[in-house]
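What follows is a pair of complexes built around chain A, which joins chain B in one and chain C in the other.
Moving on to the complex of A and B:
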């Protein structure tokens, strides 16, 4: 036995000297004499493709059901039960993947990388909630998004947040969306999926950091209703924009508002606009000055933001794997390290020329420069819009939902004492 | 001016709808690198299935993650980076390629003196490989996937000293098919890619690969 194995080692040594490449048939398949049956290699398949269509059907049905509950039935209970169903289906059954929030990145990657095949279902998960929002407001947030449903469950003691703090925190989704688009467009990373707070809970396998993030969100969620949706969700930015132009947004009252103030504190998200009739409190001079300030603010913020964004080029690009590899190779070639990282080992064994990696890294770095400018300018623009929105506040005489921020959860409808079923169209437009 | 306001709002609504339509249209109907298939039938129904490099015009196919064993350098990150513990990456034994060696590079540690099933001789940290005698001098090696953590130690050994019949693959009944695979992010060799769900395995040296339960053909011998 011992001799046999020594011979074997000699043979192996020879083979190694001859150069070991992958999967060479060094030892032929033996001819068995005992009638041995070779077992089959088991290859279990993935989920059936048709199930993607089921997901899509459930999405459309859930969106329709919530929209009907919010706009026709005006029932918070109905919205709640649809959202619980969505939590179970999209959350715990589908384990958080496929989701509309993350699909932003797939769509971005597909736009910038023509080799990335975006499945139609992912595209549909991105587009369909947006279309529903254009017609009925953010009903997706109210009852289809499992993240929202999760946070709605713990919103026991929602506190009103100072409007300035709210506006400042409200800038975070823009930053998150901008970064997610930048990293997806350069093919670097899907940061929305990477820092997803709840997917680990849906799968009951969260790591420590994810568990911590989710715990923080859910604990804050007791006092600040839906913190992720309001101060982080990047898809919420798109829904917010589109919802401002929604055709038939939900209304607090089914008929004419009687200014009874019963709904005033009913919104846990601070999305109810309180009537103010101080329309002519400012002089003409003050208004002109304000407008001048706003007009000057925009170019300043956008150019400043763009410049700052472009400065961060190297920091952002450092996340990219090709740039990282190029950096490591540069250091390793200069210093001649003894222990090479797996990345360098893998690169050396792939036989790719060094110049190609440097070239690729240079292209990606340049993309980050342009991306940094655009990201900075975008953030400058949104900051400017936020400031302008604060300075030029709208004046209205009724209690109406802020169409951008309203998540159509229908809580306020329970507080409205006005009876009636449907709202006249002209009133709806006035809102 | 309520009517003008309504008109403007409708204009913006129309614009948003048109924009969304344009986005959808451009993503669905665009031509891609490597050419676009104009047949517009499912790849299963096409006679060229498997040998064609064209991208379907309508991307209705689902994609799943898989790793290419020919790029894999067995760094061991599959065992640690997956959102699942133990990992959804497992060692798959392609029996058709196996040499049934007595001295298996994937089973024994390189400095093993005695070729027996003693734990101190085994390369696998979880003893997931079972060695059973068939006939002199051949042994069969089977993998207990419940024990396999996807570390790739055996894959490295088999690839270096043997036929390379042990290969790492994502097992699709375990994989959650995350939007972005956590292992793909950390794979130093860039071996992970999205593959069509209709042919979800990338095993090497193994002809036609029917999925388990698929009766349309058996594995061809190497």
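Moving on to the complex of A and C:
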């Protein structure tokens, strides 16, 4: 009994000693409290909501003013000054954001990701120029888009480009739009913003590649008018489509065209359709063949394009951050790399299971597979439409603007000698 | 012809832009493996050692664990304290005496034939033979005593834990606290983010305390009135950088300051007015990441640096 009691006390003593050993203070201690009062995080205040309304009002007023200048006043000067105002307001004051061109991505993301709350202003900036285009043609491009205004300033010596080169380069905006929609829909990136050439100038702050990009575009723009608008702008694709159906597009002549050819070289964008009156008559057989060719061409181009797009699934998906991480993790685990990237280190420290990333990557890859098919089919369709347009060109006897490509800048109106419904006196004399 | 060339050149430039976009989007190399936010002071550490006016002599090892404090008395005898032990060494580093202490010695000083040893949160007094004369009670809850200085009958303790300097009598009676934030007296308060907090008695018998979080030295009367301060935060050699530097200092015989720093490990000298004078030891001379290089100056003006990484007392002598 006594022995048991002694053992108990010995055990208790040992426990106390063990407890006290844990209580030993270490030196040096970890970082002390400094007594320093951490200041509250200062965030720039949100922009006043009323300013968003002001932006919208300015957009609508500018669009109205340009439309009026183009359709009623037929004044290039007026369009130019409104575009200068837009450059200052939407470019330098609003620093290129909010921008209708980039809003394509916000709208796409909102359509595919229900958790993304698209601001109403962004939606309005996407829709309003489209509505104006549906009524009056591409007046947004003419005098409201700051990108266009910027390029218009340097278009000193615009040259005519070979129509085949122009058509080939003209396919680029479709590809750019397709990729921008694909990447936005998959939540990968906003590539229109990533490769925005002029925002650096508007903000007077840009990286080297962005500045170089802007410099090359402006330098090119001296000889090829508005290169970004014609060969890159993805929003321009939408405007081009809608403008073809515009209710009241600008005309070169205010009355009947007299075929004086004065306007022939006035358009720096090559957007004037020249009369093709000497078109030879096609036989019925030739027409049927042509139609059959076009009928077969569309499914061929769309399926072929879709297949090619689906083959590029991994290349497209490689831009996605999650897919990129999953790839890196796979390579790292297989090869046992000594130096791991910062992304891998960050992932490993997050404690997230590896399988979860692989699963996410698999889902994204699948989306890119579908997206690749759609993108390829879309490009096939646009190519087909372009070919069909060339093959089925209609007879036309006047100088008219190409409603899709015309930027409604009103340059050609200055060259037209026709005044209202009467010919100018000088021409009457000549006649 | 000229026009054609211009057009071709412009088109090539346009295609180059598109090519660049495609390359950047799909083919550019993955980001570099290194951490872009890595704390790198490599460039700041690179110093031309030919500008040094000091050379390093043969160091000696105090043969104890975790060295924390060094001091020299008027005869040139060196005192080193570390974990559970105090070592007394001759001028050449030969061991004269050594005795155990109960705990981690964080700082040491010798005056009036008494060795004052800071043992984490309290002070113990020993005679030259190593017999404990007295154990002062704990200064305050949470104390970490990192430096001791004696001026006549006054003993000053730097308490990093409570960010305060205490003035005691030699008998261990608390007289006053120094350095408490006081806007009326314009005392900013000590900012001590890490456990390095040093003090020393100046030639004019006033108190110098380092305020590492403010990268400055503060000059106080015995009663705790702030006289003046100097120091500047800078990445250049002439200033102090990082969260909290200098970590330690000692006064040369002419009243100028020898300082040591962590992060960019280096020893420097400032005039008694706080003007940067010269570099004694460059970062290359120390192990990366070493902290708490305690300093002492002997009567011959040799600078003693206690290097916890090498567990050595390193000696620097003017050329």
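By definition in this document, the second predicted complex is superposed on the first by the 368 of 431 C-alpha atoms of A that agree within 3 Å, B and C clash if a C-alpha of one lies under 4 Å from a C-alpha of the other, contacts with A are read in each partner's own complex, and residues count from 1 in each chain.
Going forward, contacts are C-beta pairs under 8 Å (C-beta built on N, C-alpha and C of every residue); 3 or more make two chains touch, one makes a residue touch a chain.
These figures come from a predicted structure and were not determined experimentally.
K.L.:
Classify the contacts of A:213 with the two partner chains as first (chain B alone), second (chain C alone), both, or neither.
P.N.:
second
K.L.:
Thinking of the overlay built on chain A, is A:227 touched by chain B (first), by chain C (second), by both, or by neither?
P.N.:
Only chain C is touched by A:227; chain B is not.
K.L.:
Does chain B (first) or chain C (second) touch A:110, or do both, or does neither?
P.N.:
In the superposed model, A:110 contacts chain B only, not chain C.
K.L.:
Taking the superposition as given, does A:46 touch the first partner, chain B, the second, chain C, both, or neither?
P.N.:
So A:46 only meets chain B here.
K.L.:
Please indicate which partner A:260 is in contact with in the superposed arrangement: first for chain B, second for chain C, both, or neither.
P.N.:
After superposing on A, A:260 lies clear of both chain B and chain C.
K.L.:
Identify the partner contact of A:340: answer first if only chain B is touched, second if only chain C is, both if each is, neither if none is.
P.N.:
second
K.L.:
Would you check which partner chain A:291 touches, where first means chain B only, second means chain C only, and both and neither mean what they say?
P.N.:
neither
K.L.:
Which touches a greater number of chain A residues, chain B or chain C?
P.N.:
With both complexes superposed on chain A, more residues of chain A are touched by B.
K.L.:
A:127 in the overlay: touching chain B, chain C, both, or neither? Say first, second, both or neither.
P.N.:
first
K.L.:
I'd like to know which partner A:319 touches here: chain B for first, chain C for second, both or neither.
P.N.:
second
K.L.:
Hey, what residues of chain A end up touching chain B and chain C alike?
P.N.:
Chain A residues touching both partners: 25, 27-29, 32, 34, 36, 341-343, 345.
K.L.:
List the residues on chain A that touch chain C in their complex, please.
P.N.:
Residues 25, 27-29, 31-32, 34-36, 159, 161, 165, 169, 172, 179, 191, 195, 209, 213, 216-217, 219-220, 223-224, 227, 231-232, 315-316, 318-319, 324, 328, 339-343, 345.
K.L.:
What does chain A use to touch chain B in their complex?
P.N.:
The contact residues of chain A facing chain B are 1-2, 4-5, 8, 12, 15-16, 20, 22-30, 32-34, 36, 38-47, 49, 52, 95, 97-99, 102, 105-107, 110-111, 114-115, 117-121, 123, 127, 130-131, 134, 189-190, 193-194, 199-200, 203, 205, 207, 242, 245, 247, 321, 341-343, 345-346, 349-350, 426, 429-430.
K.L.:
Which positions of chain C touch chain A when the two form their complex?
P.N.:
Chain C residues touching chain A: 3, 6-7, 10-11, 13-14, 16-18, 20-21, 24-26, 30-36, 68, 104, 106, 120-121, 144, 160-161, 163, 181, 189, 191-195, 213, 292.
K.L.:
Can you name the residues of chain B that touch chain A in the complex?
P.N.:
2, 5-6, 9, 12-13, 16-17, 20, 23-24, 26-28, 30, 32-34, 55, 58-64, 69-71, 73, 75, 77, 83-85, 92-103, 105, 113-115, 134-135, 137-138, 140, 142, 159-165, 171-173, 175-180, 185, 188-190, 194, 197-198, 200-201, 203-206, 209-214, 218-219, 221-222
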